[in-house]
Structures are given as structure tokens and as C-alpha cells.
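What follows is one structure encoded as C-alpha cells, with my remarks underneath.
Just so it is clear, A, B, C and D label the chains in written order, and each chain counts residues from 1 on its own.
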Amino acid sequence: MGALGDEEFRAEVRAFIAAELPSDMASRTLLGYHPHKPDVEFWTAKLDKRGWAALNWPVEYGGTGWSITKRHIFDEECYLAGCPAVNPQAFHLVGPIIYAIGNEAQKNFFLPKIRSGEHFWAQGFSEPNAGSDLAALQTRAVREDDEYIVNGQKIWTSEAQYCDWVFCLVRTSTEGRKQAGISFLLVDLKAPGITIRPIIGIEGGHVLNEVFFEDVRVPVANRIGEENEGWTYAKQLLGAERTFSAVVPRCKGLAVRTRAIASRDGSKGRGKLIDDPHFARRLAQLEIELMAHEATLARVVAEEEAGVNQHSPTPSILKVKGTELLQKLGALAIEALGDSAIPDYPEADYLLDPPNDAPGAPAAYGVVSDFLYHRSATIYGGANEVQRNIIAAQLLRA
Amino acid sequence: MGALGDEEFRAEVRAFIAAELPSDMASRTLLGYHPHKPDVEFWTAKLDKRGWAALNWPVEYGGTGWSITKRHIFDEECYLAGCPAVNPQAFHLVGPIIYAIGNEAQKNFFLPKIRSGEHFWAQGFSEPNAGSDLAALQTRAVREDDEYIVNGQKIWTSEAQYCDWVFCLVRTSTEGRKQAGISFLLVDLKAPGITIRPIIGIEGGHVLNEVFFEDVRVPVANRIGEENEGWTYAKQLLGAERTFSAVVPRCKGLAVRTRAIASRDGSKGRGKLIDDPHFARRLAQLEIELMAHEATLARVVAEEEAGVNQHSPTPSILKVKGTELLQKLGALAIEALGDSAIPDYPEADYLLDPPNDAPGAPAAYGVVSDFLYHRSATIYGGANEVQRNIIAAQLLRA
Amino acid sequence: MELHFLPTEEQAMLRDSVRRWAAGRDVRAAGDQQVDWAYGAEQGWLMAGLPEEAGGLGGSDADSAVIAEELGRALVRTGFVESGMVAAQLLLAIAPERAEEIAMGGVQPVLAHDEPGMRACYLNVTTRAENVEGGWKLSGRKSAIVGTPTSLVVSARMPDAAVGLFEISAEDAPLRSYETFDGRTGGELTLEATPAELLLVGKPAESALLEAIDRALVLESAEALGAMEAAFDMTRDYLMTRKQYGQLIGEFQALRHRIADMFIELEQARSILVIGLGGLAGSNPQERARLAAATRARVAQAGQFVCGQAIQLHGGIGVTDEYPVGHFFKRITAFAARHGGEARQVERFAELS
Amino acid sequence: MELHFLPTEEQAMLRDSVRRWAAGRDVRAAGDQQVDWAYGAEQGWLMAGLPEEAGGLGGSDADSAVIAEELGRALVRTGFVESGMVAAQLLLAIAPERAEEIAMGGVQPVLAHDEPGMRACYLNVTTRAENVEGGWKLSGRKSAIVGTPTSLVVSARMPDAAVGLFEISAEDAPLRSYETFDGRTGGELTLEATPAELLLVGKPAESALLEAIDRALVLESAEALGAMEAAFDMTRDYLMTRKQYGQLIGEFQALRHRIADMFIELEQARSILVIGLGGLAGSNPQERARLAAATRARVAQAGQFVCGQAIQLHGGIGVTDEYPVGHFFKRITAFAARHGGEARQVERFAELS
């Protein structure tokens, strides 16, 4: 459904992708495995050359200046075509904070390196005892002249193992409410005193990490905004990306893939699973839910552009609904695979050079892995329980 | 499924019902309308004559002394055959309290009159500001010589309009915790100072009432147990009836009826709705859930008889699962009816003398009314939210 | 397909005016349907969606949806949607010369198309039309008629199996009226060689009929959306008023999450209505039908959850006839039962995909 | 049908002994499957459900279920259920003279019946048996084989279309082993005129096969029940340990209601297992199949909810390979995907009703 119109623009995006995206990269991405760094670097550079890397940034910082509608179309086309996703922490999280709050030196140094793909960024927010209750964080930064000495630990740091920088919330004061006394620092991941320990996910992949800081020296010049005001900046950042957390393109891709899986000959006895009315209607049900969800996103986008209805708890709704749909679709995809879901399909073997006697079915590659990985979707970025707290708080304020 | 075995006993019950139950009474009951008092009186008397009225009571008080298993079989057969239900407040609630806590005079006076159907009882617990938080009740009983003077209001009093007595929780002291200072009184509904105001339900029926007490004089002899100990007795009473709140026979009846509704010729286009695999499987799903629920009831019954696993929060589970299944089955029955569900089928007209040009379909009589009435099933007897609190409290106690 | 996510200024004004009118109504009672009808006709509600040259106000179905939503919010029982927006528009398309009469509310038509067990197999018409001595006579049974029509637009199977649309005036129609469980007026028509005027036949009749059905699916969904909004608002207020255990019940996290879930569903319903209206405004009948089916299914699902939980969060008072919230639940229950039920509409969506 | 809701004293002892053995295991790793197998054989786990005259311990499938539940609790990867309880019992019924070898664990058979896309259309066998020079050769593809069998019991279609059961020793079988996503050993068999010994043919073969399948459905459900119990217990403990916002997360009402819902589902699974076992003990094959399908479906539904929410309530730590809870989720996900999925088992239940 082209709920957002603008078919001309859509065609331009398609043509660009068709011309520039190598097919092996596309198939790797479409299978739903974790991003492959060389692919992301390659594609970020291509986008940057065309001026399309920082699609959510204002033109003055090298962004596209596109309307949210256009960005959504672009995202959707990229997703469905299998373009590698640019480093999201850089483009969606720290980038906008740097251009909104950062000083000139920070903007000039960091923003171009994000756009070109030279700097990959990680997010250092959560700590072992500060998950849903993020403000309870304890990593300390003590000022010594023009440096902070940072000690502590971050956890659930996505992709830290191949990132260059990490933006952190650190405690610079223990006075007052716990939300006060937090500062926002940009830290070079190659700095001495940083140790990265991988956390392997239940899908077997390495996305998450623990990051340990032992007397890490960070120039005061790398602090964003004022000391002890980091919580305010972080909240701004977490609320901003409505569209990103709605995972609409990913859900659409999964619905299409599920239909394809269920349409294989012999997927149910001697027939096709998709011809089983019960299965077909459960898939249709999810497609309808997805249609309503996508329309909600489009409506929020339209409201945002028009500057109306700003106090509705819609970002949380988009996150809750999108991630729950993603999990439901994943479960239906596995059901459609049936026994073919069972083998563990290790990434490298199957993608780059699948053996001739490979067990299972190519239709299954990556489906279970993606499903297992996305159990985290209802947990990260503010667990869905926290999102429901936020929705209720907005609805029930007197 | 005869999950409980004992087929011989089941046959005996069936034979009794076949011999004694008038068919108009059976059809009236099976349609799911609210109990018709003359039917209940008739049937209670029949049961009493056979010695089967107080099936859950010990033999010494004129009960059957049956195992819980036998009671369950009996209940199920009665329900499926359309026997009117005996006054539940009398047999399931106050009766057991009278024989367990009451004195000899109370036992001798009240119990035979319950068994014979001479006394119908209402329950006076809830108040306008004491619903889920029952212990917040405020109806006062002030002692004056050998009488209490009762003032206050009860609400949601089922069937008060045709009951003879009401058992009430009243406040006899305001000292200490709110649970202390509550007494358990038996009150003659014909006593001066009592006013009953009907509450019409969303289904249009009159089951509920408000009961107002204005200087109502209640003999101290009608107090159950000790003064200020009423909360303990009430808790005993609310926890006792595991099987009653599981609504298994009612759910089974509704599943059978839903299947019949969906099996009508032309219920979907020119075919039958039951031949639609999607509908058939959703009904099968509920039948499976019901099977698991019934087996849970049977397991709890077996555990209770064996005296094991007594601290499991199973009564709450049975109530939650049973009432939620009842509502799901009701919704599916309405879906099966489709347009035929829409006319309002007033009780008396249709049951006793349906007009020749009656709109809708006889298959629909009582289905919507029953569905609407049972929105209350997840609210009364401790709302399902309260039941989940209870379950969690038992699971999470250190 | 172009979608309109934001109300126009005119729609906002229209919404306000309907809401002001409905504000004082008792949602528990039907009110005087004749008075309502006359008022609505005067306000132009019947014609909101019609072009000016057809005697309308030059708006679109989206304008009708705004009105329908507000009527649903107030649980208005009069068949504005069924008669004023669906059947009148169908009649007008066939008989444009009657525009003025229809626009003024002088005729209150209703579409008698459903048959017992049709279950949204819309072309499964079994009512038969026979040509007897130059006139048409219909035989069959029509169900689920809403309101107190002055004129019935009846579908029937022609001798050559094509679909025909006929008109029967209410005084000639053997209409058996009854009260519906949600307090509206319903009716069944038992036709036994009943004389009828032929309006349209064959493919044009079928197209007009299917468009009217899709319009009914979508605009009734708008009405249902309004009903669920009102039930939601009432529940939110109750959570901030009612105390138990010494605190507002809206402070209990389990109930907070429930109202959050209700709001999520409400927003889904609101969004998919835009999709359904986009389908009505489009030019592809199959796509229109597909999106109308999706809209109907999704709104029915959301409505049953929202209004069911509205009762649950109210507790005892919610199941009484005296309190409004149960009346919204009944309206949504009836809405969901009609047109074959939500599962059937999901099936139609899948068939049309 | 007689149902046994309470464990016997012997079953309680059996449960304790298996639980003691499993207590020290790391649920995140498969362990040494040969060692496990030898231990289980020695303990009589393979024979728990067999009458003494067949070399068993004189118990019933209910005893096997007790063992299976405890094995599931510890996420034991070895195919005790698939090989020891299902295939061995099938082989024994056909070849009672091999009782001692089987009971001692000297042969580890497995049933190779599933085929890609069979999806629990169990009689849809496409593997073909041909008689070549007095011996049998099989051609076709068998999937979803569990464990490291020494012997394969293979179903195939005879030249006259009857079902035949064959045996192929593992060394002669073109078995391609792989690791499953839940850390077990899986296998596929690609038969190309592979020589096989005929065990049984026609109706007796079909009956024996269907009984083995129902036993697999039910006993694997017992194993899944154990897995979900362990995930539940772990989550309950976590709620009473983990703090956020200065309080135990088990004090948040929304999470309290969630654990209550998990417990409700767990209890439903526990109960329907009794029904499934009742079916196995009964004498009516259709009823046995119907109840086995219901059991499988209900346990799969409960398991996916319980283990999914177990991860959710753990938060971040729940999605790591290092923490046990995700491993239970993977086992249940694989369990639910097999045998056609829960929806297919609901369909079978409906077909058999």
C-alpha cells in the first residue's frame, strides 16, 4: 500500500537502489542476519555520495531535509530491497543530538564522519543495575582539569565491537534527584582503559556487549551541552525517533516473506499452507493489523508535520504495536516453515557458500535467528511495560 | 468427556432427571434466561424429596455427603439437561457457614428451610464504596440489648427481590484494621426498615438490587459466630466454592449450543458456518481450552480430596479461566448467529408463547441476553483483577 | 490512493456542530427518531457527502464519517448512516431527479439486501423477482433492516439471474419491526409476490449495490469509532475518580496498562478508518472492497476490546442499564455481529487480496 | 476413560531420582549424549512405560511422562523420549525378541517418519519401497529426525500403497546430521534405493505407527511442560530478586498479573497432559489421537506464552545466550514448530472430533 503517496519520489529511490546495490549484499540483508560491517560501510558511502545518508538531518548539516513522509518512503524502499541499514545510533541518536546541542567544533568534527561512514557509534546508556530505571546509572565521571576520568560499566551496548565512538550517560554529581547529576559524554572507543566484552544473544549472534571503563580520560571538550544536564538531552533523543521504533518496513518485509514461505508447493501435505483458510486468515489478520499500524505511523507523521496533537503518547504506541506485531509475524513465519525451521542455519556457511547437502530449506535461512533476536524488541529502547506506563501517564494526567 | 469416571452414578442422575424434570422447565433453563422462581421452587422440592438438594453438605445436615467428584458429575448432568439451579447463595454460601459456624438453634431453624426451598437467600456484602475493596464496608450495626440496629446500604444483591433472607457483613466496630470490626448477620428481608430497589442489567433483566437498611432491628441471635469476627467467616465462604466459580457445565453447554448454531443449514451463504475451517478451528480451540480447564478443575478436586497441594492459588485460577472462557464462547455464539443475534428477544413472549411472525431465529433466543449478563462474570465474586492479585500474592510470597 | 490523515477546517467545524447538538442527549435512550431525522436533514447531514450538483454539500464520504463518528459518540439510534448516507446516496445515484426530496429528508430509504445467513456473501441473493403482467413481484426474506424507512431499496435475483434493485414503499412492504438489543429499530421483510418498482438491473445494479455496501461498512465503522471513543473517555474519567483501597483505581498499574491497551486499539481503529475512506474515494472497486473489509474487521475487533474493557474497569456499575457504558458495549456488539462478523470480513479481505 | 490426576508414590520417587540426577546440569549445554544415554538405560528410563514381561518396569506412559517432564526441566538434549520411549517401544512391539538389547540401551532407534512439508498429515507418506531381487529398497526424504540413532525405523509406501515399516541401521543410512537451533542433534535422511529390512506392513504397521506418533505427541508435551516449569520458576525467583526504581520488580502489579497469567497457562498445560495420557492408556485409537492432538496444541500454546514472557520479565539478560531462560524458549519454539505446529494439531483435533 502506498499510504504515503509520492510515487515519483518512490520511483527515484527504486532506480537508485537498482543501480547501486550489489545483489549479494541485498540477499544477505534480506535474510535478516545481523548487519555485516563492510556492507554497511559500502552502502553508507554510496548514500553519502548521493547526499542521502543523513536523511533525517537538516540540510545545513548535510542532511536531506526531507519531510518525514519522504523519509518513510525511503526507509521502506531500502528495507524491502535489502539495503544494509546505516549505523542507527549514529544517524538516529547521537547525530541529531550533536547538531541540536553540540558546539561548532563538535558539529564540524563529528557530523561529516558520521555521514561518510568513517565513524560508527555505539550507545552507552544501560548499566547492569539501570535498565528500565535508566536514571539509576552509576558510571562516574570525575573532572580533573580539562578531562573527565570515567569509571564504571555499560551493558547491552549494540555493535560496540565494531564501533569507533560511544556516547554515554555518566554521573557527574550525586546531589539532588537521580535524574540530576548526569552528563552526556562522547567517548573514543579506542581510548586506553576501555574493555569490550561480547554478549552472545540467544540467536547465537554477537550484537550486544559490555563496555568497561577504567580510568578512561575523556576531554571536557567531548561533553555535549552543560554538565549535569545530560538527562534532558537523552530524553529528547529517546522521544524523537517515532518512525524508527515502529518497525513498519521490517514488519512488511516479514509479512511478504511469510506469505512466500506458506506458498511453497507441498508446504502442507500435498498442497500449500496458504490454501489452508485458517492459516490464510491468520496471516490476513496480521496484514490488517499491520495496515492499521502503518496508517497510525502515517497519521502521526502527518500530525507532526502539521504540528498538531503533539501531546499524544503516540511514539510509545508505535513502539509497542510495531514490536509486538514483529514478534507475532515471526512466530507465524516459523509456523509456516514447520520442520524446516528446526536446523540451526549458521550465517556464514549458508550465505556465502551453502553446502550442497545443506539440511532444511533455503526458505528458512535467517527466519528463526531473526525471530529469536527480536525477542529483545519488546525489551530494548524502553521495555513495552515502560512504554505502557508512559502511555497511561499521559492519558491519566489530571 | 467423562473426565471424572463413575458412569453408573451418572446414569442414575440422568434417569432421575428424565423422570422428574418437566420439558418446558428444561427448555426455559437451557435458553439461558435468568432463573424463574416457580421453576426453582419446584425443582428444589423434587431434589429435597430425593435427598439431593444439598449436594455439597455433610450428611448430618441433610446433605448428600457426596465426594466432590460426584457433585461435579451431578452438576454437569443437571446443567446440560436444563435443570433449574437451586438458590446458590443458600446452598453454596450461607448454608455451609451456618453448619460450620452457626449454633444449634440456627442450624435447626435455617438448614431444613434451605433444603426444602422455603427460604431463598441473598448475599449482602458489597456496598457502593466497597466493591473490590470489600473490607471498606460501612453499613453499621449498633447493639441495643438483644438486638442490632442496622443502617446502611448494600448493592449488587442478586435476586433480593424474591429472597426471604439476606446474610450481611456489617460494621460493629470502627477500631483497629478495617477487616476487624465486621460481623456476620442473618437478616429477614421482610423486616421493617428494609427497602429493595431493582437494578436493571444491561441485558434488560432484573437480577441485581440495592438493599437499604433504615433502623432495621436484627436479633443478636441471628449473628453468626462472634461479634467482630465476620470477616474471617466471609473469607472462608469466598474461598470454599472452587467448583462453582469454574462454570464448567455452563461453558460446556455453551460450546454445544454454539456448535449447533453454526451447524444450521444456510448459516454461511448456502453452506454451514461449521464447515468454514477458520470458524471450526476457533471453536475447536475453545473446546480444547475448555478441556484443559475442566481437567484443571478435576485435578483440583482430586487434590482437595487427597489433601495435597492445598496452598496453590487454584480457586482463583478456576474463576479467572472459567469466566473468561464463558465470555469467549458467548462472543463466538453471537458471531455464529450473525444477523439473527440482533433482535431483542424478550423473555416471556418467546418462551411461553412465541408469536408466529417472530423476527430473528429461535436458535438465538437467550444467547445475547446471556452474553450481556455474563459481562459481570469477570467482575462479581472478586473481579478477575483481584483474583490475579491473589494468585500473584501466593506465587510471590517469600 | 490518497489518504487524508488530518481533518480539514470544514470537517472540524462540522464535528463541533454535531457534537454540540448531541451533547445534551441521554445515550441510554433512543430519543424521538422523527425529530432527529428532521433536524439532521435540515443540517444537511444526509447530503454532506454528495456533490453540490446532486443537491449535496460538496463534501466527501470523509465528511459523512465525521458526522457518523459524532452520532456514534452520542449513540444516536436513528439510521442516519444506513438511510441518510448509504441508501439515500444509492437511490440518488439511480434516480437523480429525486435529489431534492431526498436531501430534504422527505424520503427515508433503507437498503434491504441482507438475507438470513447471507453472512456477507453479498452476491448470494436468493430473493426472486418475477415479471407478472408487466409488473414485478418479489419473493424472499430480507433481514437486518435498520430504522423506520419510508421506502425500501430491495435487491433480488432477476429471472435471468442478474441482480436487480427494486423499490417498495414502506406502506406496501410487509415489514415486521422489532427492537434490537442495542435499542434501535430493526426489521425483517417477508416478501410473497410483493409488488415492487424496478430501479436498476444487471452490472450497473450490482456495482451500485456493492458500492453502497462498502460505504455502509466504512461509515458504520466511523459510527462505531465514535461509540468506542465515548466509552474510552468515560472509562478514563472513571479511573481518575473512583477510589478503592484508599486510592484512585487509576493508580493501579494493571489498570493503567489496560487503559493504555484500550488507547492503542482506539488509535488503530482511528487509523484504519482513514484507509477505508481512502478506498471509498478511490476508483478501484476491488481495492475499495478490500479496504472496507479490513476497516470493518479492525474496528470491530478494537471496539469489542475497548468497550468490553470499559465495562470491566467500571466494575459492577458497568453492567447496569442505568449507567451509560454498557449501552456502548451493546452497540458495538451489534455492530460486530452484523455483516457476517469480523472473521468473515477478514476472510473477505483475504479473498480480495 | 480413566484419568490419573495425582502422581502415585512410585512416580513421586521416580521424579525425585531423575530430578536429583539432573540437578547439577548446565541447561545451556547438551552434555555428553552417550553418557546420558547409558545412564538412562541403566536407570530403566527407557523401559519405564513397558510391562515387566516385555522387559520393562511394569509402569505406564504416565511414568514415562514423569521422566520426560524432569528431562525437560533440565533441558536434556539426548533423545530419551524420541528414541527411548517412542521408537524403542514401537520396535519392541514389533520385535519382542529384542527386548533385552533395547532395554539395556544397546540399540538407540529413532522413528524416521516425517517428510518435508508433511505437517502432521501423518498418512501422507511419499517415501517408496521397492522389492528388488527379494530385498527392499527405499527412496524418498525423511526429515526432523532427533538424536544420534544407531537404528532407523523408516515408514514407506509399499508397491500396493499400504504402509510399511522398515529398519535401516545407522551405518547404512545416508543420514545428514545437523545441530538444531535449540542445541540438539537433528537429521535428514535422503534415501535413494537404500536397502532396508521390512519390519511390518499394512494395517498393523499403520496402527503401530499411529500409536507411536500419539505417544510422541504426548510425551514430548510432558518434556515441554518440564521446560516451561523451569522457565516459570526461574522467572518467579527473578521477580523476587531483581530491583528497579528502588523496589523488587515483583512488586509491580503489571508484572504480578503477568506471572499470574503464566501460572494459569502452566496449570492448563499440566492438566491437559493428564488428558493426553488418559488417551494413551485407553483403547480407542481415534480418541487417543484426538486427545493427543489437543494436548500437543494446548501445551505448545502455553509453552510459547510462558517461555516468551519468561524472557520478557527478565529484560535484557533474558535474551543472552549466557543466561538459561532463553534456552528454554528455544526448546519450546522448536517443540511448537514440530508436528505441523499447534494450529495444525487444533485442526487434527477438529477433524477427529
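Basically, a residue touches a chain if its C-beta (ideal position, glycine included) is under 8 Å from a C-beta of that chain, and two chains touch if they have at least 3 such contacts.
Predicted model only: the values in this text are computed from it and were never measured.
Look at the CA centroids: the one farthest from the centroid of chain B belongs to A. Looking at A-D and A-C side by side, the one with more C-beta contacts is A-D. With centres taken as mean Cα positions, chain D sits 38 Å from chain A. The distance from the centre of chain C to the centre of chain D, each centre being the mean of the chain's C-alpha atoms, comes to 51 Å. Between chain A and chain C the centroid-to-centroid distance comes to 41 Å (mean Cα coordinates, whole Å).
The multi-chain contact residues of chain D, meaning those touching 2 or more other chains, are 252-254, 256-257, 343, 347. The multi-chain contact residues of chain B, meaning those touching 2 or more other chains, are 276-278, 281, 385, 388.
Interface residues of chain D, counted against chain B in their complex, comprise 1-3, 5-6, 236, 239-240, 250, 253, 256-257, 259-261, 263-264, 267-272, 274-275, 294, 297-298, 343, 346-347, 349-350, 353.
Residue ranges of chain A in contact with chain D, taken from their complex: 126, 129, 131-133, 136, 155-156, 199-202, 204, 208, 264, 266-270, 273, 276, 278-279, 282, 327, 331, 334-335, 337-345, 357, 359-361, 368-369, 371-373, 375-376, 378-380, 383-385, 388. Against chain B, in their complex, chain A makes its touches with residues 276-278, 281. Of all residues in chain D, only 252-254, 256-257 touch chain C in the complex they form. By the touch criterion stated above, chain A contacts chain C in their complex at residues 1-5, 277, 280-281, 283-285, 287-289, 291-293, 295-296, 298-299, 302-303, 306, 308, 313-314, 317, 320-321, 385, 388-389, 391-393, 395-396, 398.
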